[in-house]
Structure formats: C-alpha cells, structure tokens
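Here the structure comes first, spelled out in structure tokens, and everything after it is commentary.
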Amino acid sequence: MNWELMIKWTPRLLEGAWLTLELVGIAVLAGLILAIPLGVMRSSRHAWVRALPYGYIFFFRGTPLLVQLFLVYYGMAQFEAIRHSALWPVLRDPYWCAVITMTLHTAAYIAEILRGAIQAIPPGEIEAARALGMSRWQALLHIILPRASRIGLPAYSNEVILMLKASALASTITLLELTGMSRTIIARTYQPVEIFLMAGVFYLLASYALVRLFRLLEQRLRVEQCQGR
Amino acid sequence: MHNYKKALLVAASVLGLLGQAVAADKLRVGTEGAYPPFNLVDARGKVGGFDVDIANALCAKMQVECEVVTSDWDGIIPALNAKKFDFIAASMSITDERKQAVEFTDPYYTNKLQFIAPKGAEFKTDEASLKGKVIGAQRATIAGTWLEDNLGDVVTMKLYDTQENAYLDLAAGRVDGVLADKLVNWEWLKSEPGQGFEFKGEPVYDNDKIGIALRKGDDDLRERLNVALQAMVADGTYQQINDKYFPFSIK
Amino acid sequence: MFLDLHGFGPALLAGTWITIQLALASLAVGLVLGLLGALAKTSRYGALQWLGSSYSTLVRGVPELLWVLLIYFGSVNLMRALADALGMDSLELSPFAAGVLALGLCFGAYATEVFRGAILSIPKGHCEAGQALGLGKVTILWRLILPQMWRLALPGLGNLFMILMKDTALISVIGLEEIMRHSQIAVTASKQPFTFYLAAACIYLCLTVVAMSSLALLEKRASRGFRRAYA
C-alpha cells in the first residue's frame, strides 16, 4: 500500500465524489417526478393508458445504462438535424447528457416501484375515499400517492443506492466523477489498486450515509408513531 | 426439483476452470485496436495496422509464435504488469513517467503532436489564442499529459477512453479542437467525417519517440526485440510496412 | 441506415454468444456465493453471521464497474501467490474469468438477501419435522429447505438475473469482446454510433425477452402443485 500516493490524490478524488453526488441527486429527484405520472398510468384500468409507460419501462429496463448513455451522447450527435436543433446546447454537454440519461433510466425503475406500491394499497381504502365523496383526483392526491410513497420508500432507497453505483458509468462520456477521476489519476500513476480501493471506500461511505438517511425518513413517515397526537 | 443441484454442479465446474495455467513459450502482444492506422479491428474481428504488422514481423525475426490481444488503452500498462501480455505494440510514446512503470525498446517510429480543428476556424496554437477553448484528447496518452502540463489552466480539457470518441465529438462540435499524434490525425483527416477539418499551427511537440513496452526486468526479451528491430530495418522489411501505410518515412 | 451494419452483423452475433456465456457462468458462480452467504447469515454462529452480512454489505456498496476493474487489475499479486502455493508456473485471470468473478460476486451479494428471505419464510415446523424423523442437518438442508426455498426465491433471482445480463456490458471495459465491445469496434470503423448502439440495445432487449419468458416457465414449473394466490 502506497499511503503517500493515496493522501496526495485525496482532494482530487473528493472533487470527483462531489460530482457523483450531484449527478445522482438530480437524477433520482427528477426521475421521481417523471415516474409519478408513469407509475399512475401504469396502474390504470385501461389497457391503452398502460401501453405507453409499459413500452417506456420495457426499453429502459431492458437495455444496459451504458448503451443508453452512448446512444444519447455519441448516437444523437450522428444526426445533423439534432446538431442544429435548439436542443443541442443541452445535448452537447456531457454533464446534461449524463443527467438526462440517468433520469430517464431511473424513472423507469421508480415507476415500477410506484406501480407495485399502488397495487399494494388495499382497494377498500380507495373505495372508502370515493365513498366519502372525493373525486378521482382528490383520491389520487390525498390517499393513493401518500399511501404509495410510504409503501414504496424502502424500494426507492434501494434504487437511489443502485443509481449511486450506476453513476460510475458517466466516466465513459468524459465526466470526471469519482470513477472517471480515479481512472484519470491511474493514467498518470499506474497504481490501480490503491486508487480504486480509495474510490470504493468513498462509494461505501456514501451508500452507508444514504441508507441511514432513508431509515430516518422512514421513521418520520411511519404513521403509527403519530398516533399519540 | 433437482434444478438447483444441476446449477450447483455447473457452478463448481466453472470455478474449476477459472484458474488455468498458461503456457509460457508463446508470446502475447498487447494492442488497443482502436487507433487507426496503427492498430484497429476489422469487421471479422481481425486485429491489424502498422503496430500489429511490426509486431508480427518482429516475432517472425525472433522465430517465436505470437498472439495479438486487445485491451482498453487506459488499462493497457496495468494489464502488461498484470502479465495479461508480454509486450505492448500500441504506438506508445516513451516518457519518463511511463519508464517508472515499464521498460521500453529502442523507438520504432517518431511522431509529433499537432492540433486539428474545423477548416477556416480561428484557431491559433499560442497560449493566448487557446484561452477558454475546449480541447479533446485521449486519456492516458502523451497528448493528454502534454495538455495537462502545458495548457492545464488555459484550456478546458476533455479526456476520452478512445481516440475515436474524441474525433466523434470533434465532428459533433462538442470540442473546438483535438490534440493527438500527427499521423493519427493525418489518417482521420483522410476519412469522410474528417473532411471539414485541418491541421492548425506547427506541431507543438515534435520528438515523440514510439517504442515497444515490456515489463521491468524482462531485459532478455528487450534485447531480442532490439536485435530483431535492427534486422528488420536493415533488410527492408520495415520500409515495406512503412510504405503500406504512409507515403513518407516515419522512422 | 438502420439495417446497414457495414458487415459487422456476424461480429455482433459472436459478441451476443459471449454475452450469453458470460451471463450464465456468472449466474452459476453467483448462485453458489448467494447460497453460501444466505446460509452464513442465517446460521446460529455469530462469526458466520458477521461474515455473511459483511460480504453482502461490502459488495453491494461498491459499483460493479469498480469491482470489475479491481478484480481484473488487482488480482495479479493474489494469483501469483496462489500459483506459488499450488506449484504452478503462472496463473492469471482472463477478461472472461475476471468478468465472471466480478459479476458473480455482485450477483451473489444480492442473492444472499433473496435466499435469506426465502429461507426465513420456510415454517420452522418443517425443520422440526425433519429432526423428528431423525434426518441429519445436511439432509434437512438438501431435501427440505433448498427445494422449498427455490420456489420462493425464484422471482427475486429472476430480477437479479435481468440486472446481471445488463451488467455484462461492463466487461467491455476490460476488453472482453461481447456485444458492447463489438459495437464500439464497429463505431470506430463506420463512424455511425447511433446505428450500432441502437443495434446493441435491440440485442439486449431480445435477450431480456428470452430470459423473461424462460423465467416464467421456470416459475410455473417450480410452483407445480401450488395454488396461486390472488390479491
């Protein structure tokens, strides 16, 4: 173990770790927002409403994130029309390509989590809401989504951890996040084991912190604890 | 109900296969396979190019059997040291930094570093004009290191896994220019997507000696390779390979 | 444009075959590791419990890509020591073997949790019944627990296998010539990234469909004699 080397490169690795957290943070939040309509449509009673999110989810869950990243980053740029469109200032930037792809990818998974959670709500509760005179939208906003978010939270926290690890792929489209930074450092030092081990420790710490955070959130959201009020 | 037993059996046999002993009398040559015209892979999966021809000719001179293996560029030196192959013929520049990790033979060709950018674009290669420009280069190459050392604070660098990806981004307009080996740039400028681009300025670094890399301590193999290289130059084999790829001498 | 693969069609197919082999071999390794992990985690010995849970926590906390790179480049010294111990000249990991190990390791860590859940949901009475019949520990595990657990674990394992199949794309970074690596080579030659990455995406989708339908079959077979519960 070359400790001197490890200490020397810590600041650069921290820089990369920060970018990793930023990418993951934006992707899982934007993905959640995108997933809500998808998940609700996916659990609709009408087959034609289910079809669109089904196709979307099928594509994004059926192909590797690496392929999706390359399609968006290198693939889109193959077409002149896209290079001259209004979207180009965004698509030209690897940062936004990574954020967009990761968001679309995680939204497909979150939508499935949401569908599972919605289907796990006892139908009686929704019927009760309707019987109280709530409209379909009111029932969705006040009963279904809050219930589903509690049921789906543990699975969502898993998905966030999975995205944290998947973000390592952003290194393949020139982003210097934790893995990209490690590979760049190794390109100069030729010491893969030390640097990758350090990166691994950073990832472990980050996922540990996230697990703790979600556990706190789960405890706060638990209904039973509010019964005394 | 015996499915799981079969699964266990398969798993056990796979584990047994993982650690295979390797025969030592065959030499393995590492190359990248994504650096035309020096090394590339064709549609049938065959590895070719200048480096590979040189390596094969060297093996013929040394009268040993050789097998060409491809590897990702930024993992190629770790892979050599991990004994994934015995020497690297992949247009690797001889640098002091690399000499700390590997050993080199005598150089087998000389390269220069030169910028390319869109035709007609305002692109001068002095520090003041380059300020704020986005420049692409391949990660872990002499071009990448040169940029970092000389223009690290001046330009925005983008580092790619392969040279081809840097060119894709140049054609897409994501970078203002690319710094790479002149001969590789020369080859790309001949290709269809390279038509709108040209060399800019004089080469910024012109003594880029390219050698074959070996593990430290492999002095015997290094001596044999050097002798074979001299013999190739002397009997004209080298010139033949040179002419196959370039209309000028690159020695 | 879409159908013009510039002669790289056969290469992509060859890559698909490698991907399939890689996925199946990693699955086998991962199942063994997962089973061992789950048995350790549900064992009554503290040390084994600790071992099982640190395996699954450690491995699941680090990106798959990092495991692939670490195992491929980091295994040298270990393999050298192993070769000395076994008295062989040299041992080494090929990209395929490194990929199988890395993917199997990650699959195993997640499978540990799936198997553990399945083991815990087998009623205690079944084990006690086995003991009452005078069966040994190993027999109880082999004849009672594993066959029942298999059915419960199958859906979870199926999900993990889908993830595993897509993770095989990561092995392209250490030079294994699977689908992704062949697509990248084709892009270098043809300068048409969209075409080839889309082709790769289609191949992965096909593999997913095949895997999904075989899983449905397996699940049906494993639950013979059980009535399906409807919510």
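We call the chains A, B and C, going by the order they appear; numbering starts again at 1 in every chain.
As a convention for this text, contacts are C-beta pairs under 8 Å (C-beta built on N, C-alpha and C of every residue); 3 or more make two chains touch, one makes a residue touch a chain.
Since we're looking at a predicted model, the values are computed, not measured.
Colleague: Measuring centre to centre with C-alpha atoms, which chain is farthest from chain A?
Modeller: B
Colleague: Is the C-beta contact count larger for B-C or for A-B?
Modeller: Most contacts of the two pairs: B-C.
Colleague: What whole-number Å value describes the gap between the mean CA coordinates of chain A and chain C?
Modeller: Each chain reduced to its C-alpha mean, chain A and chain C end up 22 Å apart.
Colleague: Between chain B and chain C, tell me the centre distance in angstrom, where each centre is the average of that chain's C-alpha atoms.
Modeller: About 33 Å separates the centre of chain B from that of chain C.
Colleague: Centroid of chain A to centroid of chain B, CA atoms only: how many Å?
Modeller: 36
Colleague: For chain C, write out the residues touching at least two other chains, lowest number first.
Modeller: 69, 73, 173, 187, 193
Colleague: Where does chain B touch two or more other chains at once, residue-wise?
Modeller: 75, 78, 81, 168, 171
Colleague: Two-or-more-chain contact residues of chain A, please, as numbers and ranges.
Modeller: In chain A, 74, 77-78, 172, 192 touch at least two other chains.
Colleague: Give the list of chain C residues in touch with chain A in this complex.
Modeller: On the chain C side, the touching residues are 58, 60-66, 69-70, 73-74, 162, 166-170, 172-173, 180, 183, 187, 192-195, 197-198, 200-201, 204-205, 208-209, 231.
Colleague: Residues of chain B touching chain C in their complex?
Modeller: Residues in contact with chain C: 1, 3-4, 7-8, 10-12, 14-15, 17-22, 24, 33-34, 36, 40-45, 69-72, 75, 78-79, 81-84, 162, 164, 168, 171, 191-193.
Colleague: Can you list the residues on chain A that touch chain C in the complex?
Modeller: It comes out as residues 58-59, 61-68, 70-71, 74-79, 119, 161, 164-169, 171-172, 179, 192-193, 196-197, 199-200, 203-204, 207-208.
Colleague: Mind listing the chain A positions that touch chain B in their complex?
Modeller: Interface residues on the chain A side: 74, 77-78, 83, 92, 94, 172, 174, 176, 183-184, 186-188, 190, 192.
Colleague: Where on chain B does chain A make contact in their complex?
Modeller: So the residues of chain B touching chain A come out as 74-75, 77-78, 81, 97-98, 100-101, 139-140, 144-145, 158-161, 165, 168-169, 171-174.
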